[in-house]
Amino acid sequence: MSLKKSMAIKTVAIFSAFALIIPTTNATAAPKFKLCVALGGIPGILGALGTSGDPIAKAGAKARGWDYYEVSNKLDAPTAVKNADLIVQQKCSALIQFNGRPEVNPTIAKKLAKAKIPVITYDIAQPGWYFLGIDNLGAGKAGGAALGKLIKEKWNCQPDLVLESHGYGAGIVDSMRTGGMVDGLKSVCPDIDKSKFKAFEGNGEIAVSQPAARDILAANPTAKKIAVVGLNDAGVVGPLLAARQLGSDYEAMGWGQDGNLIAGDKVDPDLKGSVLYFLEGYSAYAFEVLDAIAKKQAPKMRDGAVNPAVLVKPCPVSAAQAQNIPIDKVRIKKLAKDPSKTLYSIYCPK
Amino acid sequence: MATNPTQLASHDHKLSKFEMIKKSLSGPGGTIVIGLALIIGTSAIWVGKMTFTSFNLYLVLGYLAIPLIIGIFASFSLLAGVVDLSIGAMVALSAVVFAYLCTGNVNEWLAAAITILVCLGFGAINGVAIVVFGANPIAATLGMLVGLRGLARIISQMRPGTGSSQDAISLMITGLNNFTEAQISFMPVLFIIALLLVFVTQGIISFTRGGRHVRAVGGDIVAARRAGLATERIKFFSLLASAFGASIGGMLYVGKLGGAPVTLGTNMEFTIYAALMIGGYSILRGGVGNPMGGFLGLLIIAVFANLVDNKGLDTRAADIFVGFLLLIIVFLDIRRGGDAFE
Amino acid sequence: MGGITLALADQSGANTKTLSHPAIEAKDISHSFGAVKALVNANISVSAGEVKAIVGDNGAGKSTLLKILSGLVIPDNGQIFLDGEKVSFTSPVEALKSGIQTVYQDLALIDTMSATQNVFVGREELASNWFLKKLGIVNDRHMHQEAIKALSDLGIKIPSLNATVRSMSGGQRQCLAIARAMLFGHKVIILDEPTAALGVHESAQVLSVVDQLRSKGLAILIVSHNMQHVFKITDSITVMRLGVSVASRKTKDTNPEEIVGLITGAISG
Amino acid sequence: MSRLLSNRFKVPSLRKSADSEYLATILVLLGVWIFLIVISVINRSDFLSRATFGAITFNMCIIGVLAIGQGFVVISGGILDLSITVSMLISSFMTVVFYELGWNTPALIIGSILCAGAFGLFNSILVVWLKINPLIVTLATGFAGGGVLLIVFDRKLVDPKSWIADFGTSYLFRFPTAWWPMALLTIGAHFFFKYSRFGRHFLAVGGNPLSAKAMGISLKRMRVSTFVGAALIGGIAGIIFAGFTPEIRPNAGTYYMLPVIAAVVLAGFSLAGGRGSFLALFVSVGFLSTIPTALVFFGLKSIWETFIQGFILIIAVSIDAYRIVKARGR
């Protein structure tokens, strides 16, 4: 009894301690520009989309003498919404936002609009936020067309199966990228039968897309020429591996998105190419908008993927071309040394 | 021959104030309070004034409220000795069902009622498996976790409209959102409600017949049965309580987030139970722990996460903190004579 | 369930009222588990104010008889009388309600709860205020006093009634469990191996509590292997062998050698 | 090492009933599995193809090995190892690290598995010397371990030209090469627990630690062996995982934890310890691995997989518990 009672007393004491100190509100001097980043929280990806901090944004902010603050959305909706409040509390001057749970973006937008914090959103458009990223649909179509060319060359536009490795959690981005790839493929090979397309949940992860693809291949045992499209490289590599696992009589070709697994020397042999966005270097582009905001000459709101504030140029690369592009960690080091450039300008093969 | 009754009783009331404080500080509550003081102190020095602004309080407490509500209801099942691992998935199911109904133009109150009934129904399935058939609670509710995650996804993708399959339903219910964001002075309304719930639950556990019976069942089910308690019914109701808490939590999340992601509550069963264990509950045996302690357990994690957030430190530090704090608290409990493993 | 005071008052009158009948009597009880005959026409009776022991080898049917009396097992044949009235139990709760309380050697108390809470578990007394009563609020203070009174009545010393019972010694726990049985106006208390796990000092403590119970006019049935304790405390002894109650003796008219002989079958009853 | 058991542990009647109990579980699971296959074949005759066989056997590989590790913990009374996927990932990451360092194959395999074992040792130290319940220990180290892995490794890429990648796609005796570790471990575990003295000690400790201690078995030694052993088996799964997954991410473990526990529970392992059959576990893994493939043949989306698996699990544990209660009541 006494234990509980004194615990209650302690709790009350803590809160009254809080309450006593509350009146001491912040009286700030001339505010410094503060750049804030809400990381996406996707493991294994560098930059604002990943978990391990955004070195480019940090370096850029440092070079400009700005304050810098970052949190991670952890791919979790409640965390992403809480982070919006943190950003408000931090009195950020501008926010770079990547949120893998786009369904809560309207709520986040409401909070940030109230605090008048301009937002640059990566890849996922939200009304009122500067859109910075790839034209997902365009990138999808470009990748699909490139794969279509290969299919035309090798299989005379007659694949047995086209696997669409979706990541439904990404919402509209998935529809545009994966759907765009299908459109692009059809633009080259218009006569592929509708029944040949098999959509499934790959979650953008090898650990999910690989077993799922194996099961689909099993259910279509006569299909041996397999084309794979998907939300990202990992979602495409999984099914390619699945085909190799099921036997040497399979012929598989895939074309990825996001370039996460195409650079460097450890590339899946059946991944024929990918569309690089250099997403780890997005923040280099962001400074175009950020500098304007800092000078209080905020650019006109351009918040759609069709009407973007900064369009990241897609860089479709074949596997052969990608061999000369180093992996993301190396790229990021180089860019951090010279943030005036973009990765596209440094690495995209001409 | 007969001992003087007052002499016997005197033992209980002779504790001086100092001893009382010392005694209470030696429990898990004491460790947590000291820990809280350390973290808040660190934050005061390191983060500065921001630690104590009303906005920061809102940040800590406002986002603590929903897990606290879920946790308090789930604590009934811990207390009765049946761990319910399905709460996180139940939160997702509740959110998705509620959002699905609301987007289907069902009145919001009706939708809420249906959602609660659906969740209670699945809670009852847990109950039947565990109480009627005698299934292991960990195994049965794990099955429920897997099943409900799947069901939430199926329902979410059943929703017509967008054409393509979706893993989330976007839905802003203004009234509910305002309610979840409301504040009285510096205190979030939702947190005040959750705190009231803590006190009420504490009262139920400590001072009512029903609460005593739940503790008795968790403490030793055979002895409770021999004392004539309806042990099976009590276990069943504790599972319904945790399902009910999860269903309320899920709907509040829809209001707070303006959407119902099917991934909602992923790993929540582990984070909430870790917090409750830090606060003195046990997932291995019932009958121990109290809501105040559970609240402190959740609070210390929230306060630490807030420090990490405000300093913009690596957010993974919070996970590592939870892991180690759990070990430390349990170890200290064992040192004080708690349940050692073998 | 009535209040405690009422129940205690009942007890004081019990002595005079029920002298004509044994407090509990089991007649011709037979029970088999499949092909195994556990009990064959077993008989036993205990009067109010009497302490009776059931002794016998392992497998003699003691524990089955015990389970039948406490409602855990429904016998194939036979009758049970309480104060001369025929009763039949389909569950332990019914036996409990009729006034038979069994104290098992372990699993009698809930470790995580205090002594007072343990004494009153399942029969918590509610607050007198009608509103608090409706809420199911318990009257801890009164229960605490009742527990102190009952314990001191039986000469049981427990350092703190508010501490959880897990820190208590085996003897204290056993005494507490017996006190609980007494406190609720039970006519018959069955003790299953009350001293089996206890040391010398603690056993003496338990036996003295049993003595107190006898003086309060309760009927007590003890199952024990410990001849020394049996002879120290009981008034009469029933010997069981191979499911049959072979003999009953007044304790003062017999000796351990005879009882052991009866148990092993060296002496026929 | 696996010397035949001395007489003192033989309890003939008990052993017989235990064996028949496992046999019933195995037969029931086998029956359900065959039923699933039969209705799938009736539904679509081309279910029985080489590709289906490949899909199911590949589905089994990682879950199967992890389930053996988990089953090892459960049967030895360690309740559950909630950090077994961390063991797996440590080994996967180290496999890549050692490969990049140019280690030869045996050294790489042993090194990776030992690194996972070291993590198991850490778990067991917390269990044995701090006397913290293993469920809490592994919950905590699972939490913290995931965070640490993310900080230390972030992600690693496996060279597709390496033998590790070949291992993940190749076949041996008509089965996937990666399938054999599970098969061999199943047989090994079965004989280990059935015939070896050390295995019997695990069973004894799992069934009743106090009486095992009274028999002179060192609980500490057994607990350390349990968690190190489980982590070593997790380490084996890690090498397979590296063979399957060219990009190793620390969050990948989340996809395996629940199916693995589900397989162990479905196989009739008692979470109280001391009871379980590794042959049943093999069948259980096979059955659970067939469900997703069969679903696709029925034209159901893969999202139905978890839903169905979950409710099969609830029904299975209910029936199993009911059966035991009934058997005891008789």
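In order of appearance the chains are A, B, C and D, and numbering begins at 1 in each one.
Rule of thumb we're sticking to: a contact is a pair of C-beta atoms (placed from the backbone, for glycine too) under 8 Å apart; a residue touches a chain by one contact, two chains touch by 3 or more.
Values in this document were obtained by computation on a predicted structure and should not be read as measured data.
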Common contacts of chain A and chain D?
B
Whole-Å distance, C-alpha centre of chain A to that of chain B, is 33
Chain A and chain C have mean C-alpha positions lying a whole-number Å distance apart equal to 72
Whole-Å distance, chain C centre to chain D centre, using C-alpha means?
49
Which residues belonging to chain B are in contact with no fewer than two other chains?
157, 314, 316
Residues of chain D that touch two or more other chains: which are they?
150, 301, 303
Hey, what residues on chain C touch two or more of the other chains?
162
All pairs of touching chains, each written as two labels joined by a dash
A-B, A-D, B-C, B-D
Chain A - residues contacting chain D, complex:
43-46, 51-52, 200-201, 205-208, 210-212, 214-219, 221, 234, 237, 241-242, 244-247, 260-261, 264-269, 327
Tell me, which parts of chain B touch chain A in their complex?
15, 20-21, 23-24, 27, 29, 33, 36, 40, 49-50, 52-59, 62-63, 66, 157, 164-170, 172, 177, 186, 199, 202, 206, 253, 256-261, 263-264, 266, 290, 292-293, 295-296, 309-310, 312, 314-316
For the chain B and chain D complex, residues of the former touching the latter:
125, 128-129, 133-136, 138-140, 142-151, 153-154, 157, 267, 270, 273-274, 277, 283-284, 314, 316-317, 319-320, 322-324, 326-327, 330-331, 334, 339-342
Inside the complex, what are the residues of chain C that reach chain B?
92-93, 96-97, 102, 104, 107-113, 117, 121-124, 126, 135-138, 140, 144-145, 148-149, 151-153, 155, 157-162, 167
The answer for chain D against chain B in the complex is residues 79-80, 82, 126-127, 130-137, 139-148, 150-151, 209, 219, 223, 254, 258, 261-262, 265, 270-272, 301, 303-314, 316-322, 324-325
